[in-house]
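Mind having a look at this structure? Questions to follow.
A, B, C and D label the chains in the order they appear, each numbered from 1.
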């Protein structure tokens, strides 16, 4: 069977490189196009980008010529977008209008009413918005998005807790530097330090989960009825966002009941190639999860939880540039393909 | 005027060294005795301990002979205790019985009903417990304590908020490695990592603030009527505990009102030598306080706050081995002297 | 074909865990015995040791009962030793006397004249010492050793340079914290810091390479005729020893000739299961090798070199607990098996 | 006595901020002008620059209006230059031509024959070049420079060793991230890592020391007759360059003789306000100097040495943005003033 042709928009940055890594050897998708800024276009990828990951960049990609971020230059069925937010606003719509499926990791379109904000384990039915989006916009293609890297970790863990009647969530994040892109956090800013602020982050974190865990009523998403209050912090960790979460629930479950709900959680996505064996891994050791030890669990696609205490309080942690970015978009694309939308 | 003679119990450890640093050149206290384990006793301090601080160890202390942790060997009016909790239980009582004033940084006696748990800016009147303690125990001396290093940061910031009717507190701490002592956190455990667990810490944090902010009714402390829920995390930072705090208050003050309450806070301790000019420093930059930049504010004795947002949410940060340990005990001792109790 | 039974002495420590990881699924060896201190003996491994590696500990090993470091309790053909040096002195001889093959990562026996100090890529013929050792000692088994983790990186790169007539070597090492064991380097010692001293390290580094690159004359090893001058430093890196090396050579080769010698180096060990495809990887980027990016090359068994400049100067880097410790011993064992000595 | 008016060129960057810090409260100099790029000019300093140092920025400087880097806009007798090298080439000459004394931390003019490359402890007589420079150029003002931050540490320690007949120097540096400027080293590049390359650094290090320790023959500097071979590495340390140094000397002194030479070194600069009590501090502990513990010795102006071993090998360490940059320029200016050249 012929593979689906995939392009990456913003291919030279930190998330762009994770897209390339994630698509390498993918059973369904074939990386056919690398698009980046005008400064990079026309160069071979190996000249346009400095490869920053531990894995080696395969020659087949290193030798690809980078094209401009332009629907006319990109040869693909689906494009994965790692563009900056301001640029994405215009460009993603152009690609969708031109017939591409756009799977975006960018914030721009996440909260737009007719754009699905997907976590396949949480709200696969939200893909119903796509039909509405295409009709309303008159587009041949369409846009889907995945959440912010901090949202995705705790939002995934909230899914199995919805049964208990979530009323409010407090979350304090300890976020890895890779979340800001390669040049995002100077070492002078973060060595032996904490920065208790990430521009725009708390606003995203406080609105996205309700859309994700909301209900599609046939026309729109009715947001879930809980509040989120976030405090976001940058820490000297390379990869892996760690989050301290408090969840108040109407049914007041015990820690044991919450733990069991996590263990029982089975989103039924085993037929998606990059879906981890366990979306949520429960760690029973007193001091886990830890980013250095647990971020690569499920090839970076699992969220690990631990320290489930009365409150209910717990810790969740996941790989921010895989589960929280490139891997999230790819998993969304796999869902779209399975559902016949790609 | 003759200075008050001061000894340090547990003088070789990380907090013990901060005691020595804090007492060097102190206008009221004179360091006369360094006590440590039997293994160290009899040696010169420079041989018994490896000095770990950036400041140089003065020769006069380096050449002192370490004595055993025994009231008969220690020549002092007041002893500052940095003993391990289990050892402190028996020893601190022995010293108090023998007529010493014991200013302890150890957890053992903090929650004992007739022992004051002091922050001079918060509850100076709790020293009234001393009389009760001495009578009840039949001691010539007495024990006072300072809070856990995580408690002290947010508890100090709660004091000016008491007027708004505090109902509940959520706190997520990002704690420096020095809080665990010199050998406490292996580098292999914390480089590029977060450990979301500190044994026993959350329990302390969840009980101490209510005692500190409680009311002395003439016989005992009636704890303040709010709940604290804590999540404590170790981060790769040398010194300075950063805390994300949520405070729910009956009067529902605005962030501006909370900020003003912090600015207006004046505990009136200017006559104590190590009292900082401002106990609480308000930082208005969006990304402060940060441990590397702010931990030494007020010579390590100020607590810096920032990011006061609706919720009420804010960040507080202070130096854990100065304001949170040795400096706290010394400030307590200064209060005791000023009140004629030393 | 039945696998060779392998035990690990000192199985609970940092190198012991790397041995377990390296032997898991090994095609020739089967892990049959985990030995550790009396404190651990009798417990299941999962209770005796806290697993510190990112990989999961397989249940089959987690449930093994730890035995004492005693030839009578260990069921194995070969034992891999990660014992402390002082303990190893007596114990390794006991095991060899009792008929075990001992592949040791410990310093104790490295410079003993009749004990081979092996790097299979450098001196496979030194296994001829084994016969001499067994005869002299009257042992049924025997001891082989691998070099110190710092020695091994540059010694391997010296092998292809021997043809140019090495006269002297200067090496400045920047060593990862894992080299000191899990509790070896407190975070308070190394965060935002360099420690320009590692006890005993320079002495090892300055003598081992000459033995490794020496000539077996039928009876003994005649050390190679060059000097090594080392300066060893601990840096805040988790894994991977980086070394700045200067090599003065009689033939005064150009950097291009040195580079070619590295590229041409082929030790012919492709039939050993853990031998990397390339023992020496030449990186031509100006800023490589780097420990975080290159330490896992060749599953941690390759040494990466770069920045080959006139002098001759270059950088070499390898994984200190794999190529520099457990992996080195296992590769030695594979060589022994291939040569019919196991 | 009226103070000398001092300006800073490139006042907003990392070294610029260290200049401001170093000039604050200086007994001889008064900071009168802050110059920076056109983007910053016209703004108040507090708006143009984000203050990155632990010390507070005094209001008097925060409220100064930044001017352009233009002799007509800068009101000063001396300007301290922290400009980028390419920009400095043209600009520093313009300032000197316009009558300013230029004390530059920039590389551009260091190796220009008629420009003194000064370390007051090493070559104060090189200021004789100034007369030659002024005549040759027809300038009213003049340019002096201080060495590269890596050169300065070991060059200072070579001065007292000149008596032994230095033949060659090998130096491996472990350089702090602050040496690259605030945005210079991304955290993703250096956390848990070493970068064994700093562009252009080795070339500077290999030529500057010979000029500094050269002899002024009445017309020019005759470079000292030794070779330097450097390998430069970036490490995850905030401030403080640590260097492993090998010095081959004709007289082959013992470590004890070298140590004594360091102890005896007295450059006689006690009348310069920022000259440290000891230019070279000898540490006899086996594991010192360390950047975190020793970088602020002598208010950042001392170079600490230790581990003096046969070879001769030793470690030297100093604060790279104080002794290695801003503080070096200020000490040069103090020398110029004392000599009547300012």
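Here are a few things to note about the model shown:
The rule is short, and it goes like this: a residue touches a chain if its C-beta (ideal position, glycine included) is under 8 Å from a C-beta of that chain, and two chains touch if they have at least 3 such contacts.
Just so it is clear, the model here is predicted, and its values are computed rather than measured.
Of all chains, the one whose mean C-alpha position sits at the greatest distance from that of chain A is D. Centroids of chain A and chain C (each the mean of its C-alpha atoms) stand 41 Å apart.
In this assembly, the C-alpha centroid of chain B lies 47 Å from the C-alpha centroid of chain C.
Here the CA centre of chain A is 42 Å from the CA centre of chain B. Looking at chain B, one finds that residues 52, 191-192, 236-238, 292-293 touch two or more other chains.
Viewed as a network of touching protein chains, the structure reduces to a complete graph with every chain in contact with every other.
Touching chain C in their complex are the following residues of chain A: 53-54, 191-192, 238, 292-293, 296.
Within the complex, the chain A residues that touch chain D are 14, 52, 177-178, 182-192, 236-238.
Every residue of chain A that touches chain B in the complex is listed here, in rising order: 170, 172, 174, 191-197, 199, 229, 231, 233, 235-238, 242, 244, 246, 286-293, 306-307, 311, 313, 315, 317.
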